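Next come two complexes, and both contain subunit A; in the first it sits with subunit B, in the second with subunit C.
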Partner chain A sequence: MSVVSPGAYARVLTNPFIVLGLPPNASPAEIERQGQRLLLQLGAGRDGAATYVSPVGPGTRTPDLVRWAVDQLRDPRRRLFHELWAGVPPR
Partner chain B sequence: MPGGTPLYVGIDLGTTNSAVATFDGEVCALARNSSGGSLTPSVVRIDSRGNVTVGARARRFLETDPANTRAEFKRLMGTAGALSFAASATARTPEELSAEILRSLRSDVREATGIDPERAVIAVPAMFELPQSRATAEAARLAGFESVELIQEPVASALAAGCPTVNPAGAWLVYDLGGGTFDASLLEARDGLLRVVAHDGDNFLGGRDFDTALLDWVLGELSRRNGVTLERKDPAVAAAARSLKLAVEDARIDLTRVERATIATSSPLVVSGREIEVDIAIDRATVEALCAPIVRRSIEVCTRLLSDNGFEPGRIERVVLVGGPTVMPLVRQMLREHLAASLADGEDPMTLVARGAALFAATFGLDARPKTEPVPPAAGAFPVWIHAPTVTADLQPYLLGRLGEGSGRATPAFIRARRSDGGWTSAELPVDSEGVFEMQLLLVSRATSVFGLEATAADGSLIPLNPGTVSIVHGSTVGDPPLSRTIGVALADDRVRPFFERGAALPAKRTFVQHTVSTVIPGREGSAIRIPIVQGEFDAAHLCRPVGTLEIRAEEIGAHLPAGSVVEITLTLDRAGHLAARAHLPQIGKTFEHVEHLVLPDAPPAKLEASLTSLRDRLAVLRAAAFAGRDTEAIRRLGGAERLLVDAARDLDAARGGDEDAAQKVRRNLSDLDAVVDEEEANRSWPEFVSETLGLLAAASQWVAAQGNDTERRMLGEAMAAVRSALDARAAESVRRHMRVVNQLACASYFRHPKAWSWELDRTAAEIDRASDRDEAERHLRRGRDAASKGDVDGVRAAVQALWRLLPPDVEANTRVYDSGLR
Partner chain C sequence: MSGFPIGLIWLIVVLYRAYANSRGSEPAAPRRVGGASTGSVLSRPLSIDGRHLLVWFVGSVAVLGALAAARNAPVVATLVLCATSVALFPWLLTRYVLIPLKWRRASSALARLALWTFRHDPGAGPMLAEALVLTRKYPAPEREIARLESRLCEPTSRTMRGASITAHGLLAMSKGQFDRARWAFESLEMLHPLAAPAVARRIGSRFRMATAAASGDWKSLERLAAGYGRLTRSAWFYGALARWHLGRRTIPLALWLRVTWALAPGRRRSRAWLNAAIAGRRTSEGDAEKPAMLPEWSHAVIAPFDEALRRHAALAIARDGPAASEAWRACAAAWRAVFDDHRSSEHVKERGRELGVVKLEEALGLFGSSVRHDLASEARRPGIDHEDLSAGGPVGSWVAAYLIEEDLRDIEFRVQAIEERQRAKTILPIGDVWLEVAALHTKFEESAHRLGEPFVCAACPVIGGVVLNHAAEIYNNRGERPIANATFRWLARCAERAGNAELFRICDENGALGF
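Up next, the complex of A and B:
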């Protein structure tokens, strides 16, 4: 990480696409389904669901974060913004 | 969950009337109260022996015994005050009174179903602020509910009116004019998921305002005929006004069906020892003339909601009417004229909310029946925990299962799901080493699908599972209930750090890092870090409403904490409006969590008056300027603000007469007015604002062109177009919103420039005289210069960020921002 501001760092780490492990072109149905699937996995205490990989390092996945991520992508305007940051190349 | 038919309970806890509905998965029914009606008046009476009566029986005493009978306490939910009951010399909070209503509704459900419900969904106005939601959840707890979910009333109404099923892809407007509150909500159904696009409303606009307008008219008539002066602000008139109010309400309801009615009371009014006969004829035209301005205010909210979200009125599929006052022909007629949409008729506007809440309980799987002991596993069956949605809009949802303890029997190695209609069977899936299996099912569209689970051991022998089946309903669902207003932390420079944006799904939890503004020294009087939590949609923190404060006193910190120290703030918000705040100070390794005064602010008349006077003066200045400049558009906008001011002055009179509810209404109106005046004052300096904005746009496009990538350039193009059209429309608020995106893009590009942090270092060095700790600042500056000479960009950045934390915020701004100790 050289010249990425802390805001940009957080934006990449908590990018909804990255949190959900989906590409920026995922369909609304895929997003809902993946969100539901991750919540089930977290609810069942399944290993592996609780962490995810991001370009700026590993993140901790919680049910709140998953719900937030799905909700962010339901709004077309917010989704556009997240699509941009999901594409930030790792540094 | 126990087997058998489920029971879902939905409650409409209204200002005037409440209702409860039950849903068993197929039929939605209203539970009748002891008087046989489906509406229970939200009225509580406590007699001299301390006996509590609720509903229609209590309402009868509203006129004759107002000192011991209370109504409309929903409007005071979340405020600190308690309401007194003279005869029993007791006082009850609005939560406790609401709990009485909920207890009564709960027993109605028990009468109807034989089950004492433990869980329920309660509908709350979409515009409810956090303290009000929290108070509602508390009332439910007091009434004996083990847990409740809150749903916004418009979402409940749209669900009950069959929104997503009638038209799977369309926009609906829910027009909810209740006794005391008005909500307008724009909803959109897509992929079977009902989403609240946005909502707007007025917490203090309702059928009651019709009655108040009529009451003022009646008092005026009586004054004229009897040669006296009767005004609501006179405490001597207050008692008489209460008995008149019921007569006025009856007349207004009569006039929805007939053309003429009479306002009369059974006994003459007694004002200061004088008897005044009440017998006044009134016709529908008079009522409509008196009520039209109130309806117009509600329609203005609707058109603002539509235009803010880029909707032409013609694009609305249907308008759902909710609330008793919507039966008034005037309301329907004005809505048809102004919104050019068809009205969803044929639904009872009084019980829609309760029915929708019950349907929502089902999509949430919130069964109200008491939990029973788990049934002992069937002999030989292997226990398994199934995680799958009860209701889903997804035709191919996931199911996840985890095997329990099998006590030495053969363990399932493979699982297969078979749909009971025989139309689909899954592949045979392995159980993993954690004892977990996961599969994607295929549901029957718009129906209930039952799946049988078949397990086989490694040797191929069949093992029965317990439970052996799972059923899932394919239907429309509501996403997690969205937050009605943005919640954030007020910063010392009057900005808000938003934690949860309006519309965010609940529950939610977020953490941000902020920095302290001043040094905290133990032993110094009043030394503390104040973290004010605010709710609202404004950029300026002082315009948002405070909903809680986390205050960390120097004694608790127990150490000298320099200005610029890191504070990690975590806010957690659940669906029932419980807000928790936690602050962690990594420098001393301590964590603090106690949120104080989560109540609506007090509204003493003297303070309101001062605020009213100041707003009146500011408006006068603006009006003079608008007339001088012949700015007809501004004159029109100011006209609206002045109407609000007149209303506020009238309600302030009532507040002086002891009407606490009117005081809260004034507080709310003045706060809105403050925002209007702020915006208008910004408009006066419009030419400067435009040239400043254009300058920023030019700089942004330069940076993004040089340092940005293709996506950023595309985003900037879109944001700039939005800014330009907002400039054309002279919508300052909208310009600022889009400029935030422009600034973010420009910043990202700017800081990619290898020299950016060095430039920032030079710029900050020029302001070093203002630093809260000059020596510390000098040290960071030297460190930064040193790093710059070595080409160490990370080092320069660290020094600049440390310097920023030492620069003071604008002191004048901070006093308006609830003394925030953060930046």
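Up next, the complex of A and C:
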């Protein structure tokens, strides 16, 4: 994993947890389920699935972005990185 | 009889010059301007200022003669008046009649007569007029662009000066090459005032101020407007606009903003800025009591991460200019609090162990590095300068060091390209040679403004030797003295700022040779 800065805006907007609309403490099963659900909804052309809310404004959700987000969160090391950027919740 | 005093003055200047030159029996050395001893108007070579007064002298005599001779023939008198007004005010007619009408050939022909306007760059008027016509055509015809480009590149006995450089910049604008245009216009600052006609400097200054206003870099705009106040009326408007956006919002300034907008040229284009400023005042008055809201997260986040993430998102959506500067400082301070907080660090490590992350320290280091890289990337935005980086504590120092290294790499790359071409003895058109130096100048000044003296001290030795030799080669072998002189003068200023006495001495001596 290299450190290439996409800029603060893209960093927040494309955080996998924010893309999937999940909290950072979501379980791996929840992540996979949410990914499948969103891909089905995007495939069916449901309007609500194509956009998501982020702290920097609305983002556009695409099937590729959803697949990338799920893939990022499968690796524990990457997941920790994205959890930190999504905001670690208190215990 | 109104023409007589002008003619008399011209006669006195000629006689004075003849007397001054005849005092020594030996032939005088070729005179140059722009060196250390340029002297007063009277001691300058006659070719610089004096000979063009002949046009007004002859013109005035012609008008008086026509009025006296054709007293009973108003049509003839009117025709003579029209003809002499074309001869007396060619640039005025070109700039305000022919160029807006987009008459390329007529503009070019009439600009050829504008000897006084282009006295500091003789012969470049037609090309500048054509380039101005092209910027008004959208889309600009490619054939006309190519023709002008080839004319600018073909070798001539004329040296490259301000008007030719401006024509290059305008041509780049017509081709949509914004960076090239910026390099050309910013390089006008390097030239000696006697090597750049005021009309060229005016176009360059308007471009620079409009660019700063478009990017919301109000601090730079204020600085530029203060420097160009005597050159163009636009500077008054841009100066007022910058002060307005920097927070000095008073009723007299609002009035002054409207007055200067009405006085400035290009009102249609600058109306949007005036409207946005006035609308901003109304919004800010309405929301004066409300504190600025930071972006919110949908779930609870451990402290001090919550503040840092909110500040990071706020920086991402902050507008360029003072807002970005303030957001950057706050963001850097918030991340500093995160890096100093051991409790949250332990919390994160525990979470890493839960996830089964191997080499946890390395993973956390990567996160810290991503924060710093984001801050470095945001620090390139307009409005953020070395003062913000200094206020950023250790994070700001890291960002400054990182940006210095990155910018130095870019400068080194450009200098190496010049060095390799010098070694290979490749000859490029003089326009391209100058734009290469101009690009280096723009990059250097931009980085020096953002990163301050540490960058200047680091970059000066990188640029110094190679560019000095390059400028000497341009001066000696290609005879392009005005641009070589500009390079010497710029290098001397860099050396002075960096405290490099040896480089300063050489550049200063070379600059004093004039052009």
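One rule holds for everything that comes next: the second predicted complex is superposed on the first by the 81 of 91 C-alpha atoms of A that agree within 3 Å, B and C clash if a C-alpha of one lies under 4 Å from a C-alpha of the other, contacts with A are read in each partner's own complex, and residues count from 1 in each chain.
One rule holds in what follows: a contact is a pair of C-beta atoms (placed from the backbone, for glycine too) under 8 Å apart; a residue touches a chain by one contact, two chains touch by 3 or more.
Model, not experiment: these values are computed from the prediction.
Enquirer: I'd like to know which partner A:Pro58 touches here: subunit B for first, subunit C for second, both or neither.
Expert: Neither subunit B nor subunit C is touched by A:Pro58.
Enquirer: Give one of first, second, both or neither to describe whether A:Leu80 is in contact with subunit B, with subunit C, with both, or with none.
Expert: Both partners.
Enquirer: Which of the two partners, first being subunit B and second being subunit C, lies in contact with A:Tyr9: first, second, both, or neither?
Expert: A:Tyr9 contacts subunit C only, not subunit B.
Enquirer: Could you look at A:Gly43 and tell me whether it touches subunit B, subunit C, both or neither (first, second, both, neither)?
Expert: Only subunit B; A:Gly43 stays clear of subunit C.
Enquirer: So which bits of subunit A does subunit B touch that subunit C touches too?
Expert: The overlap between the subunit B and subunit C interfaces on subunit A comprises residues 3-5, 8, 80-81, 83-84, 87.
Enquirer: Enumerate the contact residues on subunit A facing subunit C in the complex.
Expert: Where subunit A meets subunit C, its residues are 1, 3-5, 7-9, 11-13, 23-24, 53, 55-57, 76-77, 79-81, 83-85, 87-91.
Enquirer: Mind pulling up the subunit C residues that touch subunit A in the complex?
Expert: Per the touch definition, subunit C meets subunit A at residues 295-302, 305-306, 309-310, 312-313, 315-317, 331, 344, 347-348, 351-352, 355-359, 363, 366-367, 369-370, 373-374, 376-378.
Enquirer: If we count contacts the way the header does, which residues on subunit A are in touch with subunit B in the complex?
Expert: Residue positions touching the partner: 2-6, 8, 28-29, 32-33, 36-37, 40-41, 43-44, 46-47, 62, 64-65, 67-68, 70-71, 74-75, 80-81, 83-84, 87.
Enquirer: Inside the complex, what are the residues of subunit B that reach subunit A?
Expert: 190-191, 193, 195, 385, 387-389, 392-394, 396-400, 402, 434, 436, 438, 479-480, 482, 503-505, 507-510, 513, 709, 711-712, 715, 718, 741, 747-748, 751-752, 754, 756-757, 793-794, 797
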